[in-house]
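Same chain, two partners: chain A is paired with chain B first, then with chain C.
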Partner chain A sequence: MTRPAPSGAATVFREGRRGPAVPAGPRTAKAAAPRGRRTFSWRRRLAPYAFVLPFVAVFLAFSIYPLFFTLRLSFTDWHGTGAAQWVGFGNYRYLLANSAFWSSLGNSAVLWLLVVPVQLVLSVIVAVLLNTIKRLRSFYRVAFVVPFVMPLVAIAQIWIVLFDQNYGAVNAVLGAVGLPPVGWLVTSAWAKPTLALLFLWKTTGFVVLIVLSGLQQVEPGLYEAASLDGAGRVRQLWSITVPLLRRSLMFSVVLQTLAVFQIFTEPYVVTKGGPYNSTTTAGLFLFNHINRADLGTGAANSFLLVIVVMAVSLLFVRLLRAED
Partner chain B sequence: MTTLDVRGRRGRPLLGSHMFLLVLTVALLAPVVWAVLSSFKPAGEIIRDPLGFDPATFTLANFRGMFHDVPVGSGFLNTGVVLLAKGAITMFFAPLAAYAFAKYRFRGQNLIFGAVLLTLMLPTIVLIIPLLLEMKELGWVNTYQALILPGSVDAFAIFWMRQVIAAVPDELLDAARIDGCGEFGIFWRVVLPAIRPGLAGLGVLTIMNIYNDVVWPVVAASSSRMATLQVVLTTLAQNISGNRVGADYATITGELLAAATVALLPLLILFILLQKHFINGILAGSVKG
Partner chain C sequence: MNPTLGRNGRSARSFARRGTAIAAAAVLAAGLSACGPDIGSASGPAAGGAMLEVPANASPKGEITIWDRSGDLFKVFDAAIRKFTEKYPGITVHHEAVDIDSKLQNTLITGTDVPDGVFLDDAKVGGYVEHLYNLKDVLAPYTKDIAKQKVDVNTVNGGIYGVPFDLDPGLLFYNAKALSAAGIDPNGIKTYDDLLAAAKKYQQYKPGAKPIHLEQNAFNSQLQLEMYASQLGTSLAGADGQLRLNSAPYQQILTWLDTVQKDGLGTRAEYLKPSDVGALDSGDEVFYPWAIWFDYAPQQQLTATKGDWRAMALPAWSDGGARSGAMGGSSFVIPKDAKNPQLSWLLYQFLTFDQAGYTAVYGPNEVYPGGTNTSIPAYQPAADPAKPLFQPIDAMGGQDLWQTAVEAGRQIPGGAPIPVWWDGAVDYLGTDLQKMLDGSMTPQQVIDQAGKDIQTNLIERK
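Then we have the complex of A and B:
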């Protein structure tokens, strides 16, 4: 049985173990030759180091140094001026015992639930449809990516006006069909779904493209064979398309999970975390510490968030590997 | 087939598919179209009749008010400077690093690629406090360096370009080597031309990311002299959500939509011009394993 070609960018998560793939199969005469070992000059050995040097420099200066700084800061009580006071694990204890911290994580988790599963299902449906039709395909592709390209702040502003309880166009549409107005951004019950809708609206097109690129690797012959065996369309979708798309789907899930747990601009601009902190996401909660110059607690919060984000994404990467 | 093709492979009508996609498209485009149209309406009309549009009442008053209230011009200028500098750095160094990861084997490769993945997973705001202090230490607060350098060799761009470059056949590189091409020459004369679609996609994505960035510019360049367009907009939005005294809701709403339109249009136009490259770039980047 031949394995289908790996679909999608997700392959990258496996490659770390062995570096770039060497084509398998019978060696050609050329490859069996001394493989040009004489041309392995010192230039060729040093070249990759020179090529990654700029990244490493930027990484050390603007990621690693700040990361260690944050770690040290997280064990102190510091408000930006004067001497920092060492408090050990005090900040971490404070946060872990703080219900607002947990509710910020909870808000992010609820957003994840409202966004990721919906987006995944929707993207598969849209990508499959886009793959079967011929007419207007590029028109739809462009239309779906437009929201992804637009500046988030501008879209967030539009959301404020569009979903206004009294004057918004959305409630005007509801009113036109005889429904009562909804307090989209001013009630805790609706604020999260409204933000989730913003995120879905903004990013689903990009996920559709990822899924679509995975779909284009699926052999059309598989469907014909399945058709001959009498499999219906739904059956084909479930038994052929979804398994073959697994890598693209997992890649999307990891990417969107990282994105959802980092959500900050949307609530910062649209709801400011309200009403009643119902849209204070993990990212916004952290930002509020910085805003108050409560830097020690903010740093500890950063690390807790990093741990959560990494744990969740590693879990998905694990799932991806286990399925192989 | 020259006849109207509304039937699928197995003879099923595709009309349903088109209906579904069309409804979705309308839902996706409606907010943008609505905002752009509404920004040309008299402020009072936007809230009195949010759904209507009367060409007879077309006005630029919202734009005039908005340009008067916030420094959009300097916002565009700052964004432009950052875009050129940071964009150039990303577009050159990210594919270069990606080339090293895709086509070389070297000691520490996995460790350094791990650094790329780590950078991808780190939420931006986690690094904000120390980065801000670092900028203070360097005396870079409210300077272009502060806006340009952090994150200039973008991890996502490396991660993504690696996929694209991996698809370039090794034979091509070996042939160049035999012809006496140096290692950098191979990158410059063979790899870059070979990945033009992916590069175009990266270009659009890079422009988009830099243009749309908010979190870092908000803290690093808070002075109005250095504020990028998005910071200017954020400030406006903050003023609008209720705190600004002396301006009524309708006027503010009008200015808000005008500001959104001003911010949307450059990217929208750019995207429409470059959409083919962008979409092919994304597809190229995510297909190849």
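Then we have the complex of A and C:
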């Protein structure tokens, strides 16, 4: 059934959308003139567009244009000079049939498994501790953030020295307790966990900050009530803290998924993608194409990577919504 | 229900506006994306070919921007450029330290702020020829006096795209003190079989030692493999671009490396990383077949064995064969989009072929008081055994490395061009080589697998 709109509703709606209503009272001669009112109205209408125009221009120039440019490039064979050759889906077919491409995705997936679940658990524990402790709280918070702000290349160099198979500090410690040396960075079995450890050490402080901010949103009264009901600390953690941190945790998962699939500097500096390409991540594999001026394949690779990362991220977003 | 309201309270008009805005943005973006490269039907990019001509002006004037790697050589060039501007006061040189590997490609592709000259690894020159001047004409007066190997590596489809700068002969570095203690005379090492025998003898003297360096970095191991191949007058691909991996020289080299691995005679370590330095300083690793620039190690890296190291010509692959091969090296390239390419040619002509220029580079300087001894000039009149540009090296027991390197450099055979895809081959050949050195592939498997991958992924996709 069509219900008639209340008298003047449309007008009120439009006025509301466009700013405060003009106060009642005598109008100036200029405002009263039809021509002047039209000019004023156009200014009002155009003003928002004028304000967002700089952003739109920057967005078009640095996001939309490169996106379309790269999409177009992904269908060509172009090495940076001369005319590009249209190859249709050739670059995509090549990559999808290339074992090295799948291997790079597999390496990133393994790193994700080694990093993200561990990082979540670790971050919750550390954040809860940081939220609980009173003494030197600021010091501990800074201490956890310091690795995140340290230059990655410097950390990577430290890793090389620490994990050298013959003369590294880690193997020296193992040797002191009678254990055999491990080829941390030179065997395909250990290189990924060693890189994952570097990434964990570097970025866990950042996730801790996110979790900590989520933790501080939790109403303290909930804990008091739970305590009165006889719930212990572990029960409170499991039944109150973790469920209420779900949004922060899922946000961290999405962020870290993006970060893990873009890992580049760590393997580039520490292992050069080796041994045997076992640490050639999706990001490094993509870089290798671009670095060799194989720009068409690189562009196709980036789109495939975007699709994979978007799919994984959307999966987590869906999970979050489902829980809501 | 109000027909103007959508299910979510959004008006159809609002949807229309948004749709129009999105469509406009898409059209605009699509239009912008058309600003990319032209789409052609040719089977690949057009060949380069802008030929650089010698400047006619006797008193040239102008400004040039030159890119070099940062570090010690940058400072050496800085001083040499001051000599150049004394000769050409009308030319101002902006000398910039740049991460060339990460910046050059984008700069050449976009054509923005393109330098007038760049110091570039020989292995990478081939990959940039479409953006570079062909220097064949300006180099013509000098070509016959340049080491043939350096001309070959800068030659692509008959054009020469780099001013050959340094020659990096492979040498056998050895720990003279350790060998002496083991009763090994290095002068008796004439062939690679002799080297194996000496390594076994050293291992008997020092059980647990792994005397010969086996490179653990994929890129460096491929570079070293090419040194051995250069010694045999070959390289991964011929001038026609055809792969030459499945050939007797590569089978011989890979079999030898595999033997070193299987016999437990090789230290698996990455060039001058902690494991390598540790093994060198502990006397476990005493033979290092490498380019002349390994002399940096006894001068700067080694502590316990500093002063114990010497260098000699590489062993030959067969009696009477060449005793050196080229490993690495750099040249000067001039981009086609350079503003003053002729002025940068004058600079490189000065640094490479003018006595005042190459003396300023290789002779005693602020950075290397005894001279720059990590390479020798590719211009043969500058590499005169009787006129050393750098002095004997204290950290190598006072050895006259100039004499050794110049004589080795003259033995490097030519015929070893570097294919444009050389760098990309590391993912296949370099990786498979590492697998072989770890014992999981045979030499023939490396040849077959890497050959197939290079052919499929690099040659056929160019």
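Rule of thumb we're sticking to: the second predicted complex is superposed on the first by the 269 of 324 C-alpha atoms of A that agree within 3 Å, B and C clash if a C-alpha of one lies under 4 Å from a C-alpha of the other, contacts with A are read in each partner's own complex, and residues count from 1 in each chain.
Keep in mind that, in the parts below, a contact is a pair of C-beta atoms (placed from the backbone, for glycine too) under 8 Å apart; a residue touches a chain by one contact, two chains touch by 3 or more.
Remember, predicted model here, so these are calculated numbers, not experimental data.
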item	value
Touched partner set for A:His79, first chain B, second chain C, both or neither	second
Touching partner for A:Ile160 - first (chain B), second (chain C), both, neither	both
Partner chain in contact with A:Ala100 - chain B first, chain C second, else both or neither	second
Partner chain(s) touched by A:Tyr65 [first = chain B, second = chain C, both, neither]	both
Partner chain(s) touched by A:Gly168 [first = chain B, second = chain C, both, neither]	both
Touching partner for A:Lys272 - first (chain B), second (chain C), both, neither	both
Partner chain in contact with A:Ala47 - chain B first, chain C second, else both or neither	first
Shared chain A surface residues [contacts with chain B and with chain C]	5, 56, 64-65, 67, 69, 73, 160-161, 164, 166-168, 272, 295
For the chain C and chain A complex, residues of the former touching the latter	1-3, 25, 28-30, 32-46, 48, 101, 105, 108-109, 127, 130-131, 216-219, 268-269, 273-275, 277-279, 421, 423-424, 427, 431, 434-435, 438, 457, 461
Complex contact set, residues of chain A against chain B	5-9, 11-12, 16, 19-20, 36, 39, 43-45, 47-52, 54-56, 58-59, 61-67, 69-70, 73, 125-126, 129-130, 132-136, 138-147, 149-162, 164, 166-169, 172-173, 176, 201, 205-206, 209-210, 212-214, 216-217, 223, 227, 233, 248, 251, 258, 261-262, 264-265, 268-269, 272, 283, 286-287, 290, 295, 298-299, 302-303, 305-306, 309-310, 313
Touch list for chain B against partner chain A, complex	5, 8-10, 12, 14, 17-18, 20-21, 24-25, 27-29, 31-32, 34-35, 38, 46-51, 93-94, 96-97, 99-106, 109-110, 112-116, 118-131, 133-134, 149-153, 155, 158-160, 162-163, 166, 174, 177-178, 182-184, 187, 204, 208, 211-212, 214-215, 219, 230, 233-234, 236-238, 240-241, 249, 253, 256-257, 259-261, 263-264, 267-268, 271-272, 275-276, 278-279, 282-283, 285-287, 289
In the complex, chain A residues that touch chain C	2-3, 5, 56, 60, 64-65, 67-69, 71-73, 76-86, 94, 98, 100, 160-161, 164-168, 186, 272-277, 280, 288, 291-295, 297
